[in-house]
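Take a look at these structures.
Two complexes, one shared chain (chain A), two partners (chain B, chain C).
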Partner chain A sequence: MNFWEYLGTRHQQLLVDAYQHASAVFQCMVVATLIGVVVGVVTYRTAWAANLATLTTSTILTMPSLALIGLLIPVVGLGVAPTVIALTLYGLLPITRNAIVGLRGVDPALVDAARGIGMSRTMRLLRIELPLAWPPILTGIRVATQMLMGIAAIAAYASGPGLGNEIFRGLASLGSKNALNQVLAGTLGIIVLALLFDAAYVLIGRLTIPRGIRD
Partner chain B sequence: MSGKDDDGRDGGYGPHGPGTDGLGAGKPDVGGLDLDGPEGLDGPDGLGPPDDGTARPAPPPPARRSPLSRIGWQRLTLLPALLILLLLATWLWFQQAHLDTISTNAISGGQVTKALWQHIQLTVISTFFVLIIAIPLGVLLTRRAFRKATPIAMTIANMGQATPAIGLLALLVIWLGTGTKAALIGIIVYAVLPVLANTIAGLKANDPTLVEAARGIGMSPLGVLGRVELPLAVPLILAGVRTALVLNVGTATLATFGGGGGLGVLITTGITNQRMPVLILGAVLTISLALLVDWLASLAEVLLRPRGLEVEA
Partner chain C sequence: MTEQAVAGATIELENLTKHYPGTEQPAVDSVSMEIKAGETVVFVGPSGCGKSTTLKMINRLIEPTGGRIRINGEDVTGIDPVKLRRKVGYAIQSSGLFPHLTVAQNIALVPKMLGWSKARVRDRVGEMLDLVGLDPGEFHDRYPRQLSGGQQQRVGVARALAADPPVLLMDEPFGAVDPITRDHLQDELIRLQHELHKTIVFVTHDFDEAIKLGDRIAVLRERSHIAQFDTPEAILTNPADDFVSGFVGAGAALKRLNLTRVRDVEMRDYPAVTVDTPLQEIFGHLRGSGTNEVLLLDRRRRPYKWLRRGDLMRARGSLARAGTLVHDTVTRDATLRDALEAVLTDNAGRVAVTGRRGEYLGVVDMETLMNSVHELLEEDRLEAMEHQHELAETRTQQTHFAQEGDGGEQKA
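The block that comes next holds the complex of A and B.
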């Protein structure tokens, strides 16, 4: 069976895996973005808090994903739970750090002007600071998504969902004719998903970055 | 935003100044690539203190300091202390944990030491090869004759980043058979790209007037490279080394799926046999090793940085 025949006969299974992969990454990214931006907003004005947030998230990112998933298994069991927790944790660093750096990079004169025309603290944050800090945050989201694509594949070993199962099935049946097809389908599927997500982020950037700061 | 940051993918890899590199360079699975989006906006003063952002007072002025005092005592002691606590806690827990035959079999006879040693070997050997491939290649790609090829190399590097490490490793195992060789090649291939990107970014970020000046006083191209360009790019190259080390510790855990050994063996044995003590032991050792390697590399980053480039407080 060559690769195309394999895709033809297994496309349903593959599509389900791809959908689950994308959906797991997407949902974890939404959660990670919310937490990351909130942490950024809460900490960026205090040096030690911002440093602590960055240090914590970067320590998490230093841990190899298989080890972190392994540590989560005794606590939450196998399956979706360790996958979701690990993906969200790993997604936090790029977003939190970029949120902090982005928010700090906003020209204080602009914030001052906003205060001068009578905007409240919340209004300043929502209408001035966050829109201006959005491009770096979006970059953080893109970087995090790409990373999570690969980590989600590893999470399949802990019975997580997604295309990683295809790769591990291939590894389990090394030597059989389908091993290469399975690994190839899983790997290429993840690359395609990563590129699709990336294209989507470019589009989101076009639509959401305020016109005044586009380059 | 500077030009090269405009599409985020490039931005991901771009130069990160000494001001912040320690915060993010050298994380597994990302490489140094996540740092840069904001820096284009913000400059290296983004996050205050250099390196890993431990909450510590502003560094003392750089004048008359021995190399060791470049590192605050907090960063010298904090992480090792935490690691010792972590390992001690694991050990104490292990003493009272119930170990059945399967668990005992999995960890007896020096298997833990062997796995740890294999893991360290995988990391060190792969890092060595990553450096001798990526740094000369980066230097070559920034020379005038090859400069046209730089965007192509960067594009390939970015595409490679989308490849899942486990998929790459599995393909190599099918191609080369199980064993250490496939694992090593996989680890190397996976880490070459971020380090290459870091080196290119570092050499490109050098102030062109300095290179011009060096050329103007009659230095040979080799002299300019060796005495001006490379020393100036040292912080970024070191950040790349750190990236490679930490990435490799992480990818080396996957070597077990290709029969390459390492601490991943303990983790996967623990998962497949549902023996939590084995799993936890493997995971704790892997995490400790990763944090330790990152800490050592961060010390090296500070110690080896040319003195003229020290960040003024």
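The block that comes next holds the complex of A and C.
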């Protein structure tokens, strides 16, 4: 059975896996974005807090994903839970860091102007600072998504959902006639998903970054 | 909708002080001044003298550590700063426009915060763009980066004035634009102020800008101590001390010329004839006047040619060929400096003054200018001395009242 025949017979299963993969990454990204931006907003004003947030999130990132998931299994069990927790944690670093960098990068003269014309703290944050910091934050989200696409494959080790299952099955049965096809299908599927997500981000950027600050 | 003549509000600063923790000397040390409603006051001083800090304490962008601020008699030292700032316009260097919002959205910010209706905000935005000389149709939906520096600054002023605040604070607003644009913007601000009568507090380090814009100028030295607070005329002719004269710089008398218009000085009555005057009469004028020269006007009474006695002879009585064309005139609204410039470049040292439609009004020459300037300077000097005398008197009275002075007075 060559690769195309394999895709033909298994497309149902592959589509389900791809959907679950995308869905897991997407949901974790939403959570990671929310947490990341909130952490950024809370910490960007004070140097030590911002540094602490960056340091913590980058420490998480240095842990091998397999190890982190392995460590999570005894705590939260198998399946979806360790996958979601691991993915969210890994997604945090680029988003938090870019949120902090973006918010700190807003021209102080503009913040001063916003105060000067009578904007409250919340209004300043929502109407001036976050919109101006949005392009770097979006870049962070994009980078995080690419990363999570790959890491999500490892989640299959903890019986998580997604295309990683194909890869792990293939690896486990190396030498059998479909092994290579399975690994290939899983890997290529992840690449295709990653590209689709990236295209979506370009579109989101077009729609959400005001013309005045788009380059 | 035309501008309702909302007069500005008075601003009183009373021993206003800013002391940053961990520093020995306060950044602003007990500033007291009264700014009248509708007046333009310029804070001028070297960098780091605390002029900007003082300005920012008026809308409490920087919280004072001591003293009071009263706007229109109301003590605003303790009220919610956000509310205070919505009533006080604020314009800063390089405009401070928000790059992600359009021109219209930028201008609409404060009116929206004040809860104006959509229709009213929309009308107001158009009105403000008109006011600062930008075509609403063209600029409404532009983003700040699509504007030139001067246009951005105009929008910045429009935003500051959008909610019609009685007070406008301007922190070196024209510091980042080229000299020609700056000159335009200054003229524009003078025109605006003529219409609106706001109370404007303007910070600059450019003394010439201060002279041009200020009804009164506060020359500040370190820690925002007031070295002199007076009209431009008084500061130019009678600087309070070496610091002020150093800041005024060289050429105070020349700068003084910028403050007086040709209409304020006496013009010479020059014999003037029109092209329709009979030759006989022209000869009569030439002989009769002590000047040997008459000014020939065209049919609309505009200066046309200078005629000397010999000219007519040489041209054999033809007015068309005789005399030298008038190449330069000044209007009644020109400054004495412009007039002096024209007189100096004229080969006979005189220049014709014209009215609104270019009609002849009189002539100024070196002599009249010199006399006027001398008179002006003398007047200024007397006035300033009188003023200082008064100040000294009130000061002694105050000291009597207060029993013990607290060092709030400058310039012993």
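The definition used in the following text is that the second predicted complex is superposed on the first by the 215 of 215 C-alpha atoms of A that agree within 3 Å, B and C clash if a C-alpha of one lies under 4 Å from a C-alpha of the other, contacts with A are read in each partner's own complex, and residues count from 1 in each chain.
In this section, a contact is a pair of C-beta atoms (placed from the backbone, for glycine too) under 8 Å apart; a residue touches a chain by one contact, two chains touch by 3 or more.
All values derive from a computational prediction rather than experimental measurement.
K.L.:
Taking the superposition as given, does A:110 touch the first partner, chain B, the second, chain C, both, or neither?
P.N.:
second
K.L.:
Tell me which partner A:119 touches in the superposition: chain B (first), chain C (second), both or neither.
P.N.:
second
K.L.:
Of the two partners chain B and chain C, indicate the one touching more residues belonging to chain A.
P.N.:
B
K.L.:
Using the touch definition from the top, say if A:130 reaches chain B (first), chain C (second), both or neither.
P.N.:
Neither partner.
K.L.:
Check the residue A:211 against both partner chains and state whether it touches chain B (first), chain C (second), both, or neither.
P.N.:
After superposition on chain A, A:211 lies in contact with chain C alone.
K.L.:
So, A:87: does it touch chain B (first), chain C (second), both, or neither?
P.N.:
Neither partner.
K.L.:
On the A-aligned overlay, A:158 touches which partner chain: chain B = first, chain C = second, or both, or neither?
P.N.:
first
K.L.:
Write out the stretch or stretches of chain B touching chain A in their complex.
P.N.:
Spelled out, the residues of chain B in touch with chain A are 1, 6-9, 11-12, 20, 23-24, 26-30, 33-42, 46-49, 52-55, 159, 161-168, 170-171, 173-174, 178, 246, 249-250, 253-254, 257-258, 263-264, 267-268, 270-271, 276, 279-280, 282-284, 286-287, 290-291, 294.
K.L.:
Write out the stretch or stretches of chain A touching chain B in their complex.
P.N.:
It is residues 47-48, 50-52, 54-55, 58-59, 61-68, 70-71, 73-74, 78, 90, 93-94, 97-98, 100-102, 104-105, 135-136, 138-140, 142-144, 146-147, 149-151, 153-154, 157-158, 164, 167-168, 170-171, 174, 179-180, 183-184, 186-187, 190-191, 194-195, 198, 201-202, 205, 215 of chain A that touch chain B.
K.L.:
Which positions of chain C touch chain A when the two form their complex?
P.N.:
59, 61, 82-87, 90, 92-94, 96-102, 109-110, 113, 143-145, 159-160, 169
K.L.:
In their shared complex, at which residues does chain A touch chain C?
P.N.:
Chain A residues touching chain C: 109-110, 112-120, 123, 128, 131-132, 210-213.
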